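In C-alpha cells below, several structures.
In what follows, subunit A forms one complex with subunit B and a second complex with subunit C.
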Partner chain A sequence: MIKELLKAFEDLVYLERYPLLNGYLQKIDPRIKLFATAILIIVIVSTLKITPLLLLLITIISFTIVSKIPLKNFLIRVTIFIPIFAGIITLPLPFITPGLILTSFSIAGFSLNLTYEGVYKMILFTFRVWLSIAYLILLILTTKFTNMLYAMRRLKFPQIFIMLTSITYRFIFTFINESYRMILARESRITSKQRRLDIMRDLGNIIGTLFIRAYERGERVYFAMVSRGYSGEIKSINKLKIHVRDVIFLILTILICAVTILLNYLMVI
Partner chain B sequence: MQKLAVEMNNVEFIYPDGLRALSDVNLKIYEGERVVILGPNGAGKSTLLMLINGLLKSTRGNVYVLGLSVEGKNLMEIRRRVGFVFQNPDDQLFCPTLWEDVIFGPLNMGLSKDEVEYRGYEALKAVGLENLKDRPPHHLSLGEKKRAAIATALAMHPQILILDEPTANLDPLGYIELVKILNQLHKERKVTLITATCDINIAPLIADRVYLLNKGKIVGEGLLREVLSNLKLINYANLQPPIITQLFANLVKLGIIKLDKLLPVTIDEAINEIMQLKKD
Partner chain C sequence: MHIPDGFLDLHICAITYLATIIFLVFAFKRAREVIDEKHIPLMATLTAMFFAAQMMNYPIIGGTTAHLLGGPILAITLGPYAGLISMTIILLIQALLFGDGGIITLGANIWNMGIIGVFIPYIICLLILKIKNSKNALMIGIFLAAFIGDVLAAIFAGLELGLSTLTFPYSVPIAVTAMGLHHSIIGIGEGIVTIIIISIILKVRPDLMNIPKIAPKWMGELKISTMR
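Now for the complex of A and B:
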C-alpha cells in the first residue's frame, strides 16, 4: 500500500517530461509566466460569478492544448486535489447560506434547508480553487525547474526561499527513493501476516531513521557547499531574454483578466 | 626544493560525542605528489580529509595547507585552492542541474561570466560529461555522478584535489575511466592528488606514496611497493595485500620461485619479475 503511494507520488512529481516539449507555454519566458499566473490567480479568487470563470476555463484548456499537454490527464490531475481542499470546506455551505429553499429535510431533530444560493456558493468556491490550482499546475508543467528558480530570483523572491526550494527539489527524489528502499528492505524480511501495531512501529522506525539521515545529509551537503566557497549567497549567471512572444503572451493574459473582471460586473450569475 | 602541500603535526580529532577519530597524526604531502590514505572502514579517512580544508577543526595539533594554517582567516583561500570530492556524490551535487552544480564553485569565486562558463565546460569535458549538462543529478547513473562530482571540484582549478573513496561502487569500466581522468589531471595540471580509499588494488594506479591509517592512527608510510609488499604491516592495518602480492607471497612460501626483492604489488611489476626469473 505504502509502496504504491510512494510510486504514485513519484509519478506526480516527476513532471520533467512536459517542460521539455516544444509547446506554446514552454517557449514563454519563465518570469512572464510566473507573473501572469500570479495575476490570473488574483483575478480568479476575486471573481464572484461563474460565467467569467468559464472564460478562464476555456482559456486554460486552450493553453493546455497548444502546450501539447495531454488534456484528459491534466484535468484529472488537477481534479485530484479538489476533493481534499475545497470539497470538505464547502460541504456545509449549501445548508447554512440563507436564500431560496430548494428542499428541506431534517436529521436528528435539526431541520436543514438546502438553498439555491448555498449550492451556487459551493460551486463557485470549488470552481475558483480548481481553476487556481489548474493554472499553477500548468505553470509547473510547462516550466523547467531551473528556469522557475531563475524567475523567482528575478522577481525578487527572498534568497533563502529560492535556495530552500532548489534544495528541496533536488533531494525530494533522493528521499523518496531512500524511503522506498527502506520499505522494500522491511518487506523482504517479513514472512508472516503483520499486526497493525507492528506495522505502525516499523513505520515509526523508518520515519525516524529518515529524519536522522536527512539531518546528517544536510550537514554533508552544507560541507560540500562550503568546500566550494559558499558564503551565504547563491550566485548565478543567466542569459534569458524577453522576446516578442513573451510580451504577446502577457498582453493576452492581461486582456483575458480584463474581460473576466468586466464579465464579473455585467453578468448576473 | 619541494613545497609542502599538506602538513599535519600531532593532529588529534575528537567528535562532539566523544569518539576519538584521529590521534597523533603526522603527515607531509608535497606539491605534485599522488598520495593515497589507505585504511579499513571507520579508520578515520574521511575525518582526516575534512581536516585538510577546514570542514572540521582539529582538537589538537596543527594542519597547514600550502603553507597556510587551516583556520578562520585562511579558510576561504584554502578552499579556493583545495578541491574536495565527497564520498557520496549525492551530497556533492545539490543543484537542480549538473551545469549549475559545476559553476557553483566558480561563481562563488567571483569570476567573470565568461570565465565561469569556460571553466564549466572545461570541467565537464575533462570528465566526459559535456552532453549531460542540463540533466538533473538525480537522473544520472552512479558512475556519471562520481565524475560529475569531480567536475564540480575541477571547475575551481584546484592545486590540490582531495577524493574520498572515488571508486567505491563503480563498475570496472567506470573504475578504469576514473583512474584515467585522475592521472590525466595529475599529468597535465600538476594537481596534487590525495585519495582516501579502502580498496588496496586501486592504490598503485593512482598513487606513488601511501599512508596506512588504522583506528585513527598512522601505522605505516612509504613508497607504494615498499608498503604494500610488507605483509605484516598490511595485516596489522587490518587490510589484505593486493591479490597479485598474495599470489607471489604464496609462490615464494611454497618454494616455487625465489625472490630476493620486494614482492610485486601490480600486474606490471609481476610481469617484470616473471621476465627476470625466466632470464635467470
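Now for the complex of A and C:
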C-alpha cells in the first residue's frame, strides 16, 4: 500500500520542478498548449503509417530540448508503464495476423508464423501509444496545473467546476500525506503476514476515517475561506495574454500536423 | 481501467465525449440548484480524499493488486450527480497532473468510471432498499452495487476498445472478456471495502450520511443515515 503513495510524492517533486524552468514551451500560453497537444494527439491517433509518425517523433524531441527538459529522463518516464503494457498486449499480433511470412518455427508441436503485417501492426500500435503519452507528458512537464486551470476558466468551463478542481488540487497533497501517515502507523504495528481480508478491513477503516476527517476539514476550510472574504466566486489577479510567440507556436504546430497528414496519404508504409 | 490516448478511435472518443458532456450539463444544473457555496469546499475536500483513497493498493488473487475505483462509494455518499462531478475532477487531475489516462480519451474514461461506475451502483442500491429497508439489505445492496458497477464499467471499457477497429488490434469479444473477467475479481474487493467504509461511517458519524445528495429528481434520495 505504502509504495504507491511514495511514488506519488516522487512524481509530484518531479512534476513541480520543470514547469518553472525558463524553456521555450514553458513560456507559451496554457490555452494554446492545451489546444496544440489535443490536435497533435488527434493527428497521431488518425495516422495509420509509421513514417509520418517519425516526423512527430523528431518534433517532440526538439520540443523537449528547447524546453530544457533532460531528454534521457523524459524518454524513460514516457516509456515505462503504459507503452510497455501496450507492447505486451500486442505481443501475440505478429503470430496471429495473416500475411507475408517472415520466418516460421515450431514450439512444442505448434508451428508459429511470424508475419510482416503482424510485426508492422504491433510496432505501429506501440509507437502511436508512445507518442500520444509523450505529448501529454510534455504538456504536463511544461505547464503548472494552476495555469492549466486558469486556461480552462478562460475557455468557459463552469465556474463551480473550476472552483472545485482548484480546491481539490490543493488538498490532494494533504490527503496523500494523511493516508501515508495512517498506513505507516498501521504497518509499524503489524508483526506478521496478514490475510487478504484483514488488509481489506484495515483499508476500509482507514478510508472511512479519512472520509470523516475530510468532512470535518471541509467545514473548517469553508469557515477559513469565509473569513478571508469568500462569497462563492473566484477572482484572480493572474492575467493571460496571447503573445506573438504563442501565435508562432500554434502556426508551427498546425504546419507539422498538416505535413503529417500529407505524408500519411503519400507514403506507402 | 484508465484508457490512455492512442487506444481508441477518434469517433469513439467523440461519441463518448458527447454523451459525457450531456450528463455533465445536467449534473451541473442540478448541483447549482441543490448545493450552496458552503458545500463547495466540503465536496472538494471529499474529492481530494477519494483521490488519495484510490492510490492505496490491496492484494487480490495471486500476486496482483487492485485499488478502489471509488464510483460506488461516491454514489452512496454524495449522490450520482455529485459523484460524477467528483469523478470527473479526479480523472482530470489524474490525466493532466499524473499522466494517467489521456486527453482525447478523457470522455470515454469519465463515461466508464464516472457515469456507468456511479449511476449503476446508485440505482442498484435504491432498488434493493425499495425491496427491503434494513441494514442487512443495505450491505447486500452495497456489495452488489459495487460489484456490478465495476464489472459494467469494465465491460464498457472493453466495448470501446473492441469497437476501435482502426487503432486497437483486438476484437470486441476478446476485449470485453479480458476486461470483464479481470474486473469481476476487482469488483469483489471493491464490494467488501465499500461495505467496510460505509459501516464505519454509520458507526462513528451517521450524520455524515446526510450530506445533500445531488441526484436527478426522478431518482429519489438514498436515505441510510438512520440505519444502525
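In this text, the second predicted complex is superposed on the first by the 182 of 269 C-alpha atoms of A that agree within 3 Å, B and C clash if a C-alpha of one lies under 4 Å from a C-alpha of the other, contacts with A are read in each partner's own complex, and residues count from 1 in each chain.
In the analysis below, a contact is a pair of C-beta atoms (placed from the backbone, for glycine too) under 8 Å apart; a residue touches a chain by one contact, two chains touch by 3 or more.
Here the structure is a predicted model, which means the values were calculated and not measured.
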Is A:Ile65 in contact with subunit B, with subunit C, with both, or with neither (first, second, both, neither)? neither
Kindly classify A:Ser227 by the partners it touches after superposition: subunit B alone (first), subunit C alone (second), both, or neither? first
Give the label of whichever partner, subunit B or subunit C, reaches more residues of subunit A. C
I'd like to know which partner A:Leu197 touches here: subunit B for first, subunit C for second, both or neither. second
With both complexes superposed on chain A, which partner does A:Lys235 reach: first (subunit B), second (subunit C), both or neither? first
Just checking: does A:Ile167 make contact with subunit B only, subunit C only, both, or neither of them? Give me first, second, both or neither. both
Of the two partner chains, subunit B (first) and subunit C (second), which one does A:Ile123 touch, if any: first, second, both, or neither? neither
Which partner chains sit in contact with A:Ile206 here, subunit B, subunit C, both or neither? Use first/second/both/neither. second
Looking at the overlay, does A:Thr146 come into contact with subunit B only (first), subunit C only (second), both, or neither? first
After lining up the shared chain so the two structures overlap, which partner does A:Val45 touch, if you call subunit B first and subunit C second: first, second, both or neither? second
Could you list which residues of subunit A make contact with subunit B in one structure and with subunit C in the other? 145, 167, 169-171, 174, 217, 221, 225, 230-231
Write out the stretch or stretches of subunit A touching subunit B in their complex. 16, 145-146, 149, 166-167, 169-171, 173-174, 217, 220-221, 223-231, 235-237
If you look only at subunit A, which of its residues touch subunit C in the complex? 1, 3-5, 8, 11, 15, 34, 37-38, 41-42, 44-46, 48, 82, 86, 89-90, 93, 121-122, 125, 128-133, 136-137, 139-140, 145, 148, 158, 160-161, 163-165, 167-172, 174-176, 178-179, 183, 196-197, 199-201, 203-215, 217-219, 221-222, 225, 230-232
Considering the complex alone, what residue numbers of subunit C touch subunit A? 4-10, 13, 28, 31-32, 36-38, 40-49, 51-53, 55-60, 67-68, 73, 77, 85, 88-90, 92-93, 95-99, 102-104, 166-170, 189, 192-201, 204-205, 208, 211
Parts of subunit B lying in touch with subunit A, wherever the complex brings them together: 50, 53, 55, 76, 79-80, 82-84, 86, 88, 90-97, 100, 103-105, 107-109, 113, 116-117, 136-138, 152-153, 156
